[in-house]
Amino acid sequence: MPMDKKKVKLRLENISQSYVVNNEVRDAVSNVSIDVYDNEFLVILGPGHCGKSVLLNIIGGLEKPVEGNKYIDGVKFTGSDKRIGMVFQRLALMPWKTVMGNVEFGPRLAGVDKATRRKIAQKYIDLVGLKGFEKAYPHQLSGGMKQRVGIARAYANSPEILLMDEPFGQLDAQTRIVMEEEIQRIWQQEKRTIIFVTNNIEEAVYLGDRIILLSKCPARVKQIYEINLPRPRNTMDPEFLRIRREVSENTDLAL
Amino acid sequence: MSRVKTAAMSSSERKAYYLNRLYMILPVISVLLLLLLWTTASLNSDFPSPVETWNRLIELFERPIKNKTIIGHTLASLTRVFLALAFNWTFGIAFGILIGWNKKCRALFTPLFNAFRAVPPLAWIPLITMWFGIGEFPKALTVIIGSIAAVVVNTQAGLSNVQQIYLDVGTMFNANVRQKLFQIAIPSALDAIFAGVRTSTSAAWMVVLAAEMLGAKSGVGFLITRGMDSMDMPLVLMSMAVIGIVGAMLAVVTQFAERLICPWTRKRSN
Amino acid sequence: MAQNTKTRSNQNNERIALIQKQRKRTQVQNTMLAASGILGFILIWQIAAVSGLVNSRYIAKPLEIVNLFIVKLTDPNPDGAVLGVNVMSSLAVSLSGFGLAVLIGVPLGLFMGWYRGFDSFMRPIFEIIRPIPPVSWIPLTIVWLGIGLKAKAIIVFFAAFVPCLINSYTGIKQTSEVLINVAKTCGASNFTIFRKVGIPSAMTLTFAGIKVAIGNAWATLVAAEMLAASSGLGYMILMGRQFGRVDLVILGIVVIGAIGLVISKLIDMLENKVLGWKKL
């Protein structure tokens, strides 16, 4: 299926961001233009501290870029938008809320009545495999379970685009592999446009329809890879390994 | 029995076993020593012995002072404390939220509040008694002044230190400012607010005592001064014990309430 | 291209200037707000006093307080001592009680936190003393020691002792297990580890305890001086009330507050000096 036939869901146009630190302007993101296709699993890959979180925060509307425009379905928008949801890098579950309370948080803020939002929340709690843990508090859950809650919470607000900022970065290697399979299953079950940020090359090749490789700080688009391997992918597959090596050799080393 | 148990242990295990035994006995020894010290001291002076003090307590239950038994006096003090705390927990928390959330209000009130806070609560007592006499209101007011700072400071700290990431979650869900305050900032500051509640409770208990010692006709502070004025040392000691016990109980109760209301902090306090 | 970079750097400079200007503006704004908070309070006070809204028996004008402050520097009436003497007397009491509390409380807390046997021996005694508010020691100390410096210092001691002990105890209990193990593998004895590893890592919390302690000491001092003294700031306030001199009472409150502020600022500065390395 040729890419140009696909519908562009989100367009970033010349996004740049810089900060004034100690009376000096420091660039964090430099002139990034990306087209994200509908229901695509897009991975943004880059070394640590290259500006991945900044870029994602800009898409989510948590910060304002100094330059550049954002479009959803061809219509320009600024700031945060209901159609975009986020799974945070540092979990950011509300410790004072139960799993149910966390997942129904978005609908609740939107003023959805209790019965409806419970039903929505329950659906996504089941989807991420946390049935039976509705009444647990985050501190009673393991790292992987917490991140499942984060995913369910983002889904429950029914966004069209999901941003995920290194969601598995803090997990141990075993749990990470499980969660990578899980996120793929969830995405295949409930198709959304996912923009998934990571600094892990294997994770990128395992998950992405496409990989956008960023340079080291300030972040620029260095290369775009299309991965046409069938899912679920086999990490020992020679083609997988070939792509992985190709991406590796092109990746900047983090300082 | 214990020989059978210890026989199966390695030497280091046995050592740990006996040490644990020792650690369990030592507290008993120290309390006994304290009582012994107290008794010897009382033998050589007119200081009351533990037995005399204990008898005085029994008497306190049976023979009221100023129409109140010891329970009545304790309740009188507790009433003052709770009136003041009820005020503080509403207005103190509200004020703390205001200056914690709104930077302009913080800038406006912080220096004034710090100046107020720098004055020890008990220093207000003479001024308050000049203004309002020695009835119930001035006492409650003294306790309010003495314990409101803890509530305000903790609430303010809790609200101004809300983690940005929680507010970001709100932004992602299109929360408005009011929702961010009531659904995110205040709940996330609840444990800090509770720290203020706990501190204010123990502060209030201390201040009510001082206020009563400086002029009252009921309450545990009154009992202490009464004991001193009539050279009734057992009464003084007994009142101190009651004050200590009630203070400790208040601490336990507030802690329990915190666990009930904020179950998610349970892990951190363990 | 060269021109492009030049406009770019111009833009950057403008942005930096703008941010600096904004920062300055908020700073000025905050100072103004702070000042207007204090001034507003004094203004309301002045209005209440001048307008007769509040009977002059109950309130003194702000300026009168300043006036009295100057007079009181040299005039011992009505409480029998000039201001300087009262201040010195109060400081002497609170500092000796506080000093004693630090000297006894901190080492006790450190030892209790490190040696379990000592802990289980001392613990019950401490738990008996801890919940008893310091002011309730006043009658006993009066009986034992009269109403001199010693009696008041003991009362202050009780107020300052508890936070010193608790914080140094908690501090040394939180010593990192890893550091202790490292020291053990280096062959250090338990006492050496206590000195070289335990005590340094307890310092931050200990200092926090000392800060609370000095606040407690100053606050309790007032009570001690009102209930058992013949000099000092607390005594001066009490005399002010007895002579119906509201101005003297207010002056006393202001001076006590001001000294309290200075003390806590001094402790902050000291803490920054001593624990500066922690902040890095």
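For reference, chains read A, B and C in written order, and residue numbers begin at 1 within each chain.
Here is the rule we use: contacts are C-beta pairs under 8 Å (C-beta built on N, C-alpha and C of every residue); 3 or more make two chains touch, one makes a residue touch a chain.
Nothing here was measured: the structure is a model prediction, and the numbers come from that model.
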Chain contact graph, described as a line, ring, star, complete graph or other shape: complete
Chain pair showing more contacts of the two, A-C and A-B: A-B
Centre-of-Cα separation between chain C and chain B, whole angstrom: 19
Centre-to-centre distance between chain B and chain A (centres being mean Cα positions), rounded to whole Å: 48
Chain C residues touching chain A - in the complex, by the definition given at the top: 12, 15-16, 19-20
Partner chain C, residues of chain B touching it in the complex: 19, 22-24, 26-27, 29-31, 34, 104, 107-112, 114-116, 118-127, 129-131, 205-206, 209-210, 213-214, 221, 224-225, 227-228, 233, 236-237, 239-240, 243-245, 247-248, 251
Residue ranges of chain B touching chain A (in the complex, touch as defined): 165-166, 168-175, 179, 183-184, 187-188, 190, 262-264, 267
Residue ranges of chain A in contact with chain C within the complex: 20, 23-25
Interfacial residue positions of chain C with respect to chain B in the complex: 29-30, 33-34, 36-38, 41, 58, 116-117, 120-125, 128, 131-140, 142-143, 218-223, 226-227, 234, 237-238, 240-241, 244, 246, 249-250, 252-253, 256-258, 260-261, 264
